[in-house]
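First chain written, first letter: the chains are A, B, C, D and E, and each begins at residue 1.
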Amino acid sequence: GGVGSDPGGEIRVSAAASLTDAFASIEQAYEDAHPGTDVVLNLAASSSLREQILEGAPVDVFASANLLNMQVVADAGMVVGEPAVFAGNTLQIAVPPGNPGGVSGLADLSREELLVGLCAAGVPCGDFAREALALAGVEAAVDTDEPNVRALLTKVIEGELDAGIVYTTDVAAAGSVVEGIAVPAGHNVAAEYPIAVLAGAPDPVGAEAFVAFVLGAEGRAILAGHGFTLP
Amino acid sequence: MTAGLDARFTLRRSEAFRVDVALQIPPGVTVALLGPNGAGKSTVVAALAGLLPVDEGRVVLDGTVLDDPAAGTLVPPELRRVGVVFQDYLLFPHLSVLENVCFGLRSRGAPKDRAAAAGAEWLDRVGLGGMAARRPGDLSGGQAQRVALARALAAEPGLLLLDEPLAALDVSTRSGLRRALAEHLEAFGGPRLFITHDPAEAFLLADEIHVLEDGAVTQAGTADDIRFRPRTPYAADLAGFNLFRGTAAGATVDVGPHALAVADDRHRGPVLVTIQPVAVAVHLAQPTGSPRNTWATVVERVEDLGSRIRLQMGAPLPLAAEVTRAAMTEMGLEPGRRVWVAVKATEVGVEPGTGEG
Amino acid sequence: MTAGLDARFTLRRSEAFRVDVALQIPPGVTVALLGPNGAGKSTVVAALAGLLPVDEGRVVLDGTVLDDPAAGTLVPPELRRVGVVFQDYLLFPHLSVLENVCFGLRSRGAPKDRAAAAGAEWLDRVGLGGMAARRPGDLSGGQAQRVALARALAAEPGLLLLDEPLAALDVSTRSGLRRALAEHLEAFGGPRLFITHDPAEAFLLADEIHVLEDGAVTQAGTADDIRFRPRTPYAADLAGFNLFRGTAAGATVDVGPHALAVADDRHRGPVLVTIQPVAVAVHLAQPTGSPRNTWATVVERVEDLGSRIRLQMGAPLPLAAEVTRAAMTEMGLEPGRRVWVAVKATEVGVEPGTGEG
Amino acid sequence: MVLGLLGLAVFVVPLAGLLARVPWARLPALLGGDVVTDALRLSAVTSLAAVAISAVLGIPLAWLLARVEFPGKRVVRAVVMLPLVLPPVVGGSALLFALGRRGLVGEALGDATGLVLPFSTLGVVVAATFVAMPFLVLTVEGGLRSMDRRFEGAAATLGAGRWTVLRRVTLPMVAPSLVAGVVLTWARAFGEFGATITFAGNLQGRTQTLPLAVFVALETDRDTAVAISLVMVAVSLIVLAALRDRWWGAR
Amino acid sequence: MVLGLLGLAVFVVPLAGLLARVPWARLPALLGGDVVTDALRLSAVTSLAAVAISAVLGIPLAWLLARVEFPGKRVVRAVVMLPLVLPPVVGGSALLFALGRRGLVGEALGDATGLVLPFSTLGVVVAATFVAMPFLVLTVEGGLRSMDRRFEGAAATLGAGRWTVLRRVTLPMVAPSLVAGVVLTWARAFGEFGATITFAGNLQGRTQTLPLAVFVALETDRDTAVAISLVMVAVSLIVLAALRDRWWGAR
């Protein structure tokens, strides 16, 4: 539960896998601020989390990596109030250390001799990447449509791909094993992360408190620290 | 309620092969089933043990219906108390020899140590006391068969089915185990069905013999019925034995009306005596010489066996003799003819054997 | 280079059991290995077939070293051309009876139809022509053994090992197959090792007999050696046979110095004749009566067998007779004594058999 | 022989690839946290529970398939093999559809017993059982079928009832298949990921098994992921190598 | 009996759950696209290729494990079982580490032959073989061990060399195990997802098998995902149910 109301209570937060690092920090900070409360993170692909919620899994808070999955849950009448966007993300071109393909911008992704990966169409990062390419007028020579950012990034890290379009936060989290090449703001597309309290929440009070914390100053600071843009 | 086994059934094994038999075995009686390979002997064993369902007929043991397809009755094997020695042993490969022998007692709830003691005793009886801890896979063929015998007997069955239990044993072991088997058959009160290829075994161990050929019983009766009145060429082939009960006293055996000199002087008390008909010499005058047993008698019946002639003698001993056609013609052998018979003491087989069996 | 088999080896089967044998078998010669259960007979077969490596010694076949552990030689079974009939058949369950029989020819590269024709012929010879398409699982025990025999013979082996090939067969089938087997042994020129429990089989089919007891050969020699000079109680037990080669002409068989009347008048040409010593009656005067064969002879040797006495007769026929001690004493039987012997024609066994074998 | 070694290479080369990436120096630090300890404990408990349930339910099912004639048997066997074919994530969704709080059966189950499978350790066990049990059923069925049934007949004539025959003859005689089945089942349950994360969620200490911990680590720190994978490899190698040869089918 | 039926429920209930969610009316529309057709074709080709490679390499390996004594055999067997235990994603990573462009072996392989496995159909086959081959090896090994070796001896005395014995006696006598192994291998290869996506990527017509198509569809449209899952279920049920009873271990 909320502050003092239910010490020893438990807040279950289903968060998109790309929020792993940021939400681990937020969990720590929230628990420090609310002694006796235990935040339990359930980290998986947004689509998996959506399925679990639709099938009635006992979850308090849903933090999705895109609006679509949140919308499906909201349409099913399972969200309390309006989902709030708490963070945003921008795109970068990830390349292996040393940039063996000599990639300098989106235009290079049309080079046939490079191995280029995107997220699959329909997957948020894939849709955003395609939008960005369209804005830049580039016809990318895609070699693989990875089902999630993680799979795409792994292949860049391993040097299997010469370039892939991922989130800025992923490049930041990966550290020195990849290099990020910025996508100009004009072509960049901002991803939006919505958060909401769920209708079936076992602990609605705690859920509200946690969402407020994420949207609050402390939450924003942590998110910014992990490379997210703030709404 | 009739005690013993009363079985009449048919069972189709394949398109080409069908067994159709009727068997009555009172308690304490041993019936031998003799027949050529593929006659269906093992099939009969499987049916009586409840391992193959019969198609028609009834099998009743001690008044309990075991099989009656018409009435939907089919008692499962484990409730039949039918002990079986299988032709190919079927010893449990994962159990030691002793555990194999104890299996029946343990299955019927005997405590472990009592079963082990009884099993060890049975192993001693079949001469394998030192092999209790072995696995069946490490036994020779003959050793395995003896374990199978001990296993079936140790389970204290109510009906005993023996599918050629002595077939794989060598001559010396066989006669020893035949004696042990004869003893057990005596000790055990239920009906016994004994399958063998060896007519001597059948005649020695069984009270009644059924001849099975191509799934059907072609002749059933006492050893004498088969021997004196064989109905098929196969049965005639088997009928090579004179068999008498008697009381041994060393070098002589008293067979009722007569005392026979025997070479095998190890025996005392009740014995079975065998004389092959071909070993009986027939003379017109009293013979002199080595044959220890000579007596005057009369030819009662003459049977033509083809290449040989079988003569059935009258008092004092109902002896069968086989001679050549030439001898018959030359000596004028015909019913009513007075003759002397001579049997060498070395030709008289003696086997311990008691009671009715 | 010596033709035939020359084997001397030891092989440890377990802590408690070791085989140590020496066998020489020239081409065309049949050696029988006789011994009680667990003596190691099947172990010898496995070693010669290359299925168990020997520990010491040498096995040489037709000049080729098959085993010589000291020199590191061990020829694999498939290159030995050693045909084996296994004691428990080992028919391939996934192949039809015909395919089993053809297996050897096919393995050595014979075209399919030629192998099938040869296999079918072999099946006919063992009387199973109609069962070519069956699976071994659908055969009775005896049928399976006959297929195993046909399978080994069809592979045209260079050395033939038979591990009790007739043990599971019934009397009537057995004598027929024994004859077929004798014919094949004749037809085939290599050395043959024949394992059996049945001394009659050994004496009839083998030129030489090795008695194996507890892993060691306790006696080796011709049938006569064993019969007349048995060295162990077991061998003495086996030695119950007179064996002669002769030429049959219906009701008589010419055995060289003598013609014997026989009851079995089906045979013409070369035969083997058996007479059990116990079936020979000894008289001081010429006997009259049914025995068809009587002749005067002289006692050459007297052997004490315990309960019985064995007498070895001289010319015209080296016949052994067994009588009781009482008869010996009463008739004063001793070497040099002139006597008459009488053998009933029905007591003379006749088996077809030719050549040296 | 050569082919066999080539076959072995299929397994050894990727293992070598994995080992080459292990950050050996940082290993103790990476594995020190309670995330790994929790996951290891949870993996051990749930995989063993899945094996136990699979044995209790799977052996009778194998027996039915091997020994009882009934119509539609082939379809039943095909259904048993489905979890092998279904991608685990789909399997997890199917489990959600069936046993989730709103699921076909789950709703009734929840109403009746208050039991909620998703997000509970029990849910992990259910997911692992679903994907792993086919191995037990199929291996034991194969063993039962290849056993010579006449031994069971012989046991019956010695007075052994169905249960005794099963316990003292059938199961010991199929012991190699049974052990092989148990090992395969355990291995599959131990490595289970997709169905678990979909059906049971990914909560540390409750549903986060080692494979799920690897997944989370992959999002943040590849070295940790490799280190946890190494733990899994080590545990499995120890368990699997401890199995005696004779359990693989021989007497 | 009752337990057996309960065991069956483990499989039937989730299947029912899946079937309950199938959007039957929209099915033709959902399955009409060439995404499904391409994926089906690719799944068929790669799963069969994985079975073929597994047989060629796995049977000799099984034979080595069953028949040849060598030190470290248990460890070898444990290594063979690893892909069963490793979460497929980890397995895929291990494959990348080993056979990727920069991998341990892959770099040399690429330099020597120009062969690049990731993002190629061959890579899908490699991934499927890696995860599925253990089933073949272990099942065949079990069969080989439980077979009575004296039959091989009998065949040898009839003049059959090692190869003939293998072909005409050993393999036919272990046919039930072999078929079971092939089926398990095929099923696992057909359902393979994690290692494929990690190692071979996801490109329609080249590396996107049915399970990958399902996964991508799950991201956006559950109905399409369920529809493709249904195709997988249907294909496997048809293949598995076509297997005759006798292939499951009996003669």
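For the reader, a short list of remarks on this structure follows.
Here, a residue touches a chain if its C-beta (ideal position, glycine included) is under 8 Å from a C-beta of that chain, and two chains touch if they have at least 3 such contacts.
Everything numeric in this text was worked out from a predicted model, so none of it was measured.
Taking shared numbers over all numbers used, the chain B to chain C interface scores over half, which places it in the same class. Separating the centre of chain B from that of chain E, both taken as means of CA atoms, is a distance of 59 Å. The mean-CA centres of chain B and chain C are about 27 angstrom from one another, to the nearest whole unit. Chain A and chain D have CA centres that are 32 Å apart.
Distance between chain A and chain C, defined via averaged C-alpha coordinates, is recorded as 89 Å.
In chain B, no residue touches two or more other chains. Of all residues in chain E, those that touch two or more other chains are 93, 96-97, 103, 215, 218, 251. The set of chain A residues that touch two or more partner chains comprises 48, 51, 154. Chain pairs that touch, as defined above: A-D, A-E, B-C, B-D, C-E, D-E. The part of chain E that touches chain A in the complex is made up of residues 93, 96-97, 100-103, 118-119, 197-198, 201-204, 207-208, 212, 215-222. Looking at the complex, you find that chain B touches chain D at residues 46, 49-51, 76-78, 80-84, 86, 90, 92-95, 103-104, 106-108, 135, 137, 151-152, 155, 157. Residues 1-8, 10-18, 20-21, 56-61, 63-66, 73-91, 93-99, 103-105, 129-130, 133-134, 137-139, 141-146, 176-177, 180, 183-184, 187-188, 190-194, 211, 214-215, 218, 225-226, 229, 232-233, 236-237, 239-245, 248-251 of chain D are the ones that touch chain E when the two sit in their complex.
Residues 14, 35-38, 42, 87-88, 138-143, 164, 167-173, 197-199, 234, 237-238, 251, 261, 263-266, 277-279, 281-285, 287-292, 307-308, 321-324, 326-327, 331, 340, 342, 344-347 of chain C are the ones that touch chain B when the two sit in their complex. Across the complex, chain D is touched by residues 12, 14, 17-18, 20-21, 24, 40-44, 48, 51-52, 54-59, 150, 154, 157, 173-174, 177 of chain A.
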